[in-house]
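The letters A, B, C and D name the chains in turn, as written, and every chain counts its residues from 1.
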């Protein structure tokens, strides 16, 4: 064994190591989400749950209330129309590049629901988007049982606001 | 400790190879509600929550407080998440213990879980490697466990044999038959183990635990609340945690210093001087059969090299002088992220006299052991029926 | 609390866009040695360690105790790892606080860090989504921050404007020039911000912090040890942590309940009744400029909708009545996993009178705030010069 | 908004959601590892560090002692020969399939070093592997600056044991 006191200047240090990973994840839905996504896919219906204890109507549908912790049993059908709670025009590409930039996204309060839903906005100029704007879901023809079975929400016609 | 802390309730979900009937928050809720019900409380009575996050990969989404919190009643309450390897559940309980002992909270619930999201089993325990050192080898825990078992056998040649490993599996599988919560509940023989196919020699398939999905939860409380809610809580008398933190090459796998030190910390706190006589039963983290022997020695229950003899003489049997893994151990029930908390739950139940068919008579002090990471991180908890 | 706990030392590494000159353990060591040196101790004097693990993906290897432990002197010592989003560093300090307050340990070191291992910046804050709900949208934190900022602007139309966000950035970048530890140390104007390109409207590039690599460490001790080692420790007077845990849709982004509740917990413990007058300075987690205003309101420092006016009148300036982010804030220095601990370090330094050029005169009580996850998880710590 | 009291039996629930990720990681080595891997690559030299405080000779080379926390300054050149501390024959495929199963791996104590090194064994029948067996590194011709620049360790000849 030899002792080395000075770092040899002849070697070019190795500076980093790289590693690659390809992973596939599977998340199980359980009964409530399972039904929610099936109704979205098969019947274009958006189901929420009502808490009998605190009165909230909630999304996503879960067997317990996110506000007061009570068990939930009552399913309700929500409208596919609502109002923009807040919005943003996004220029940052997403990690998985699921959506082309720039795009408009929003928190949307569906009629009859107490919590907003994150979704995309479409068929509208970015500059025309306003908080409080009425919107209606545009459904995909081929649906897979996912929130993106709704392509996006588009501005509702004046008439349809009145008739809602 | 500034304040005494007792376990007042425990809960376990149903364990299955795969719990595909529920989502992760619902799975954790199953155990949390059982623990709260056992303690005679509701979510509103819990002051703070600790969630044990599994190791990175099996769970893509890191913000477990975000989706699991509401399922266990943690919305709007103080919450912290601890991470570790397979000892994470035990660490979560110890975090809850510190929170109550500090006087910050009176009642804290700790929850842990395992629901695999990656189908390919090989990714489930891949991250033992140090990225700066041995990334190119990509070894899983079972490889380390094989090296550990061989190292132990070599050190104690003539005293420890491969059959001793098999005998641990046989004993624990037999105990599990008496435990209604256990995942695998069928007996095997030493021949079955010896004839089962090799995984990482000397470890064979039946020397290994079978990973399952499931969750566990534990409720701890300060002395006043504990006495009010439970006639006989399991007091947390001592805790210890130690990571050798030295990358794999440094660890004496046959007598891991992390385990020795974690036990020393817990024994000092719990006034345990002679583990073999002061403890009435122990639950150790036997992910692989040989490990039960190694941990018993590092915990000071048997002298180095004598755990095989102790087993042969029946000392660690359910009716022996110091029953080891009366619940059936990890080898019968391994919901990875929750397994170390299950050891604590089983030890606490023994102290409370609530272990049912696998109850060891007259348990006053019980120990729960856990390991994680690259066999370099140990956690020890001692429970006591008296203060 | 059962025992009083004080901060006796703090340390920060050098911050750079990328710290490619060191590996992660060495980076954490840089901050840990600085904190121990500041406290006048060596690794042998530390009883236990807390490591703040970053969120899952930026760090492939989950067993940080294994490779970081030896670099900071944690080998063979009690150790736990906490995980969270960007508030993980603050949570680590609070865990250390509980450990000391409980009587288990006298001196505990908490360390946090950020060294990005994924080149593609888009993966660095991707995991806000709930896999059961909005995986199909894959939004990063900046998108949530844009929605949050617009929500806040809409609620207080006429009172809060986009220029107020820009003014926060201008103020904090100016303060950072006085802070030798800060990462970005150059002044900008409101026009610069308003003319910078849109990221997620109304948020523009200069409303955003610039992520850097770096590490931070903090040493806490019980009253006796603290008094012995430090003539003027920063006592930890109150702590609070709360996750709304409700998936994104439930959160009132303009007045997050998690922040309100975490503050309530900390204020109650610290006997803070009127935050605006009882506190002498605050460090809030301004990853995005608008957030400083939102946090100030949720912390009870300003009435809802008045943080803009407070800023305009100079109240939050370095020489104002309640300086906010005298250090320059996160917007000037964002080593993600460590940023929330840096807030605590800066608040503690203000209390100890060691903040140098950005010292606020006569600070007796200072607050550190942190947020993490999907804007649903808040942590608050209050430091005090007296007990 | 309609209330729904029974779960429709017509819809087939959606049971899970899948997600894919491809990630690339880069870990920086710092000065010590950087030199270690460079010497491995350029000169087939295995460098360790000696702790002047506790006397340990350590791998991997780091600027601090894993045993006693002292700062380390002294580099030493280790032998590429040593003895098997423990070994295992592995039949489980690894996550990244870097190595074909079954294979033999071992903890090897290099001469002069106080801590063992994890590596592979080759040019030996599994049944002939023994604890304590003397082994010698077999180097790759093309080296990249990684531990696997050593292909594996093979049993040392009797003669070479004596002559070491």
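The definition used in the following text is that contacts are C-beta pairs under 8 Å (C-beta built on N, C-alpha and C of every residue); 3 or more make two chains touch, one makes a residue touch a chain.
All figures in this text were calculated on a predicted structure; none of them were measured in a lab.
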| item | value |
| --- | --- |
| Mutual neighbours - chains that touch subunit A and subunit C alike | B, D |
| Identity of the chain that, by mean CA position, is farthest from subunit C | D |
| Where subunit B and subunit D are represented by their mean Cα positions, the distance between them in whole Å | 28 |
| Whole-Å gap separating subunit B and subunit C, where each centre is the average of the chain's CA atoms | 34 |
| Between subunit A and subunit D, centroid-to-centroid distance (C-alpha), Å | 42 |
| Subunit C and subunit D, separation of their C-alpha mean positions in angstrom | 37 |
| Set of subunit B residues in contact with two or more other chains | 20, 23, 25, 57, 60, 70, 75, 117, 120, 123, 130-132, 135, 245-247 |
| Residue numbers of subunit A (touch at least two other chains) | 15-17, 19, 21, 23-29, 31, 33, 66-67, 96, 146 |
| Arrangement of touching chains [line / ring / star / complete / other] | complete |
| Residues of subunit C that touch subunit A when the two form their complex | 20, 60, 120, 122-123, 126, 130-140, 142-143, 146-151, 154, 197-203, 245-250, 253 |
| Sites on subunit D touched by subunit B in the complex | 15-16, 19, 21, 25, 27, 29, 33, 59-60, 66-67, 85-96, 98-99, 105-107, 115-120, 131-132, 146-148 |
| Subunit D - residues contacting subunit A, complex | 1-5, 7-8, 10-29, 31, 33-35, 37-39, 41-43, 47, 50, 57, 74-79, 96, 111-112, 145-146 |
| Residue ranges of subunit C touching subunit D (in the complex, touch as defined) | 19-26, 29, 42-44, 57, 60, 70-71, 73, 75, 115, 117-120, 123, 131-132, 135 |
| Residues on subunit A engaged by subunit B in the complex (per definition of touch) | 17, 19, 23-31, 33, 62-64, 66-67, 69 |
